[in-house]
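Both complexes shown next keep subunit A, but they swap its partner, so subunit B is in the first and subunit C is in the second.
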Partner chain A sequence: MFSYCTDPSTLDGLKWLSCYLTTGKHMSFYASFGTVLALLAITAPVALLFGFAGASAARARIAPIRWLGKSYTAIVRGVPDIAFFLFFVIALDQAFEWMRHKVKCPDWDQPIRQGSDFIVCDAAKLPLSSSPQWIHEAYGFSLAVLTFAIVFGAFAANVLYGAMRAVPRAQLETAEAYGMSHRQTFWRILVPQMWTYALPGLSNLWMILIKATPLLFLLGVEDVVYWARELGATKTAKFSDYPHGNWHMQYFFGLLVFYLAFTSLSERVFKRISARLSHGQATAAGEAQRKAAQ
Partner chain B sequence: MKKLILTTTALAMTASFAMADTVRMGTEGAYAPWNFVNDAGEIDGFERELGDELCKRAELECTWVKNEWDSIIPNLVSSNYDTIIAGMSITPERDEVIDFTQAYTPADPSAYAAMSADVNLESGVIAAQATTIQAGFVAAQGWTLVEFATPEETVAAVKNGEADAVLADKSFLDTMVGQDGLVMLERMEAIGGGVGMGLRESDPELRAKFDAAIQSMKDDGSLNTLIAKWEVSTQW
Partner chain C sequence: MSCTETIQNFAFRSIGYGERMLPRTDFTLCEHFTLIGSGMIWNIYYGLVAILFGFFAATGLAMAKNSENKWLRKPAEFFIYVFRGSPLFIQFFFAYAVFLSLKQSVPALQPLTASWLGATLVLFCNTSAYSAEIFYGALRSIPKGDLEAADAYGIMGWTRFKRITWPTMLRLAWPSYTNEAIFLFHATALVSFSSFPVWQQRGDALYYASYFADKTFNPFVPYPILAFYFILLTLVVITIFGAANKHLNRHLPQERRKKVRVKFNIFR
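Take a look at the complex of A and B:
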């Protein structure tokens, strides 16, 4: 990176550190923070969407849809995250490839499962084995987003389902008395009011999601924890220009600071949202705001 | 010359059709000197150099993929990459699930490293990387085994006293002994066959290509030169 970095063994102190912290490996480490933030930024809205769909389905009037919504939340919430991440992603990947295989190679005569091998034709591979590495990484990343969204969507569905039931019955009755249809009542009265009840549960989920990102490495996405482990490992002079002992402690302390700063920032944001949503609500928080304004 | 032009055109054509001529090489990237991630963040080591040379001889285009050791075989059989080149010893158990090329390094004994030379292995706690021949060996002896996901952690366990000794490939421990008072024990264990490349059982053509390339490197002595350069094992 810097011109004086050609022979790090002659450097010491801050100069050595400045070279050490700007190696290509460290750049990948810094970039992985972006990966984690991007994952959170994409997963949170998608999971909320899954949750909303799940909650709406769970209180649908048509029985099969209701069963679908209820079994989604029950099954996904009951399976341990790690088992879900290890099993589900490979299954999902194979399902995609199987579908593409059926479409793209209809005249393929060999079986897809040969012993323990899972073989599809070259054109059906996802991504194609000739595509550059970044496409493989982007594909792994989107699988991760989808899996996270499904898992956290199930929890969000349960939170939203509870929130929908917490909206005072009198509000809905009034809407009905005004002649609103079931759909109008849902979208105009229920949905705008439920968020204040859902927020504590959703903020919990967000905090758990932040801390769950190291699961990314199970999916082959190189996240902050992977790089901290790799960079902190003992380096000998033979294989690295920057030999050092086991520095896991320092790197993981850095991660600790990152996660703490991030969660405390989130907490502040949630406080603001909560204050906004309590405006004019028939809740203790809304009542307190009314009193303060008088 | 004509042949050269022909092959280049053929290569260019296949590339433009995006057919699967790229071979994806899966490795762990945490097992110096066999394979590790260098300062620039790239895969480096004996197997990187060997793999690149094999691909050149077999006229294949290769890219490198990192994968955790624990899931390195499942990801091969589900076609996330095409080969495993990660210091993997050829064993009958693994051979049931995947195929191996001929060995590219001879069978070498595994060694112990501990904090003192007079540690009692039978009654002590032995660390080894999970799903390795060394872990299998310790378990078969009936000794107390603690398993770790990465080689680094097995050595760290000995240093912090969680385990009394670590059993691993001698070439890996060679890079670790001497630090923080870690010493190599006299005792060695002759376990495992040589180290070979792992491929899917349904992929015999690719295996034949790499087999031939390994043979040609054995024949002209370049494999021995590489082994000497990285000090991974004894010579052929």
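Take a look at the complex of A and C:
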């Protein structure tokens, strides 16, 4: 990075540190924070979408759709979600490969499960064995995103379902009295009003989502935990220009501080959003705002 | 090998009794059930110890956070903030690194680097922080009339805490505390995936489940079995905590008793 970094063994003190912290591997480490933020930025809206679909399905008037929505929200109850993470990554991967296999190689006559192996034809492999490294990484990352979205979508569905039921019944009855159809009532009355009831649950969920991001490591993505383990491990002079002892403690302390800062920042943002959403609502918070403004 | 033999060989494999070698090929359903069930011994151990000690620590922390004395309140607030604001997974990694370096300077602290003590300690701190927040909330919502009545009867200090404050706090906090206990048991599944080493393949339930999934490349058998065990454990926790809830609420008229409502799984 800097011009004086060509021979690190002659450096010491701050100069050494400045060189050490700007090596290529450290750049990847810093970039992995971007991976975490990217995961959050993609997962949160997708999970919210899944949750919205699940909650609407759980309220549907057609029974099979309602059962589908209810079982989606119920399935995450009672089981540690880390088990879901480990399960879905393999299960989704196999499901995709199986579907591609059915389409691309219809005349394949061997069974797919042979003892302990899962074998599909070469054309159905995901990603293709000939594709470049970045496609492999992108595929792994998108599997992780999908897994997070499925699990957190179920949580969000639970929250949104509760929020939809919390909207005062009188509001919906008024809408019906004005002659709105079921669909119009849903989109014009229920959905705009439910957010103030959903916000405490959703903000809680966001905190949980932040705190679940280290699990990316278990899903095989090179995330912050991966790099902290990699960089913090003991380095000998033989294999590294920057030999040092076991620095796991320092690196994980850094991660701890990062997550603490991130969660407290989110908490502050949610306080603001909550104040804005309760504006003009018939809730205790809204009433307090009205009194304060007078 | 019949299923009875499998159970004899592997039922206590996770704590070091029975067959040394794990099954390697031709996994039967019986082996799946026995080994994953054997791993549950560790999950139950972590959860029980952490909850048992965490309960008292949480009461103390909640009292400290509620105290007027700055020197008591600030440390308690900081402890709760740190453990609730960061992922448990990172806490495990960080604690393991700290314990490792402690071991190097003080050899007597060696057991801390083993999961039976180290991981339990982290889980204990974590559940103390989460439960303390629940207890603190309950402490703040004790009806003020109850405390005034105690004052009027001349019940003060320790007696007031023992007779009025603490039972009321527990009663109000119990439904949320039940959920916390369930989540803690679920959180124990993380232990073998944090850096605490699994010695001689004596792992917890998820360790064996992922062992099977890795070997067979078939997630559709071991993970549902794991789920089955955890649902069973959850039901047991709900039953026990429900009984305690009944006991705490026994003086109230029927309709004012708060039911324990189990909420959805929360990750930390």
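Keep this in mind: the second predicted complex is superposed on the first by the 292 of 294 C-alpha atoms of A that agree within 3 Å, B and C clash if a C-alpha of one lies under 4 Å from a C-alpha of the other, contacts with A are read in each partner's own complex, and residues count from 1 in each chain.
Note that a contact is a pair of C-beta atoms (placed from the backbone, for glycine too) under 8 Å apart; a residue touches a chain by one contact, two chains touch by 3 or more.
Note that this is a predicted model, so its numbers are computed, not measured.
**Student:** With both complexes superposed on chain A, which partner does A:279 reach: first (subunit B), second (subunit C), both or neither?
**Tutor:** After superposing on A, A:279 lies clear of both subunit B and subunit C.
**Student:** Identify the partner contact of A:222: answer first if only subunit B is touched, second if only subunit C is, both if each is, neither if none is.
**Tutor:** first
**Student:** If we overlay the two complexes on their shared chain A, which of subunit B and subunit C does A:25 touch? Say first, second, both or neither.
**Tutor:** A:25 sits against subunit B, while subunit C stays out of touch.
**Student:** I'd like to know which partner A:165 touches here: subunit B for first, subunit C for second, both or neither.
**Tutor:** neither
**Student:** Is A:102 in contact with subunit B, with subunit C, with both, or with neither (first, second, both, neither)?
**Tutor:** So A:102 meets neither subunit B nor subunit C here.
**Student:** If we overlay the two complexes on their shared chain A, which of subunit B and subunit C does A:212 touch? Say first, second, both or neither.
**Tutor:** Once the two structures are laid over each other on A, A:212 reaches subunit C alone.
**Student:** Using the touch definition from the top, say if A:81 reaches subunit B (first), subunit C (second), both or neither.
**Tutor:** Only subunit C is touched by A:81; subunit B is not.
**Student:** Mind working out whether A:155 is in touch with subunit B, subunit C, both or neither, as first, second, both or neither?
**Tutor:** A:155: touches subunit C, not subunit B.
**Student:** Name the contact category of A:259: first (subunit B only), second (subunit C only), both, or neither.
**Tutor:** The answer is second: A:259 touches subunit C but not subunit B.
**Student:** Is there a shared patch on subunit A that both subunit B and subunit C touch, and which residues make it up?
**Tutor:** In subunit A, residues 86, 90, 94, 116-118, 217, 229, 246, 248 are touched by subunit B and also by subunit C.
**Student:** Please output the residues of subunit B touching subunit A within their complex, sorted ascending.
**Tutor:** So the residues of subunit B in touch with subunit A come to 15, 18-24, 29-30, 32-33, 36-42, 44-45, 63, 65-68, 71, 74-75, 77-80, 82, 97, 150, 152, 155-156, 159, 175-176, 179-180, 200-202.
**Student:** Which bits of subunit C are touching subunit A when the two form their complex?
**Tutor:** Where subunit C meets subunit A, its residues are 25, 81-82, 85-91, 93-94, 96-98, 100-101, 186-187, 189-190, 193, 195, 206, 209-210, 213, 215-220, 223, 226-227, 230-231, 234-235, 262, 264-268.
**Student:** Using the touch definition up top, name the residues of subunit A that touch subunit B in the complex.
**Tutor:** 23-25, 27-28, 86, 90, 93-94, 97, 114-120, 122, 125, 128-133, 136, 217, 220, 222, 229-230, 233-234, 236, 238-242, 245-246, 248
**Student:** Please output the residues of subunit A touching subunit C within their complex, sorted ascending.
**Tutor:** 73, 76-83, 86-87, 90-91, 94, 113, 116-118, 154-155, 158, 204, 208, 210-215, 217-218, 225, 228-229, 232, 246, 248-249, 252-253, 255-256, 259-260, 263-264
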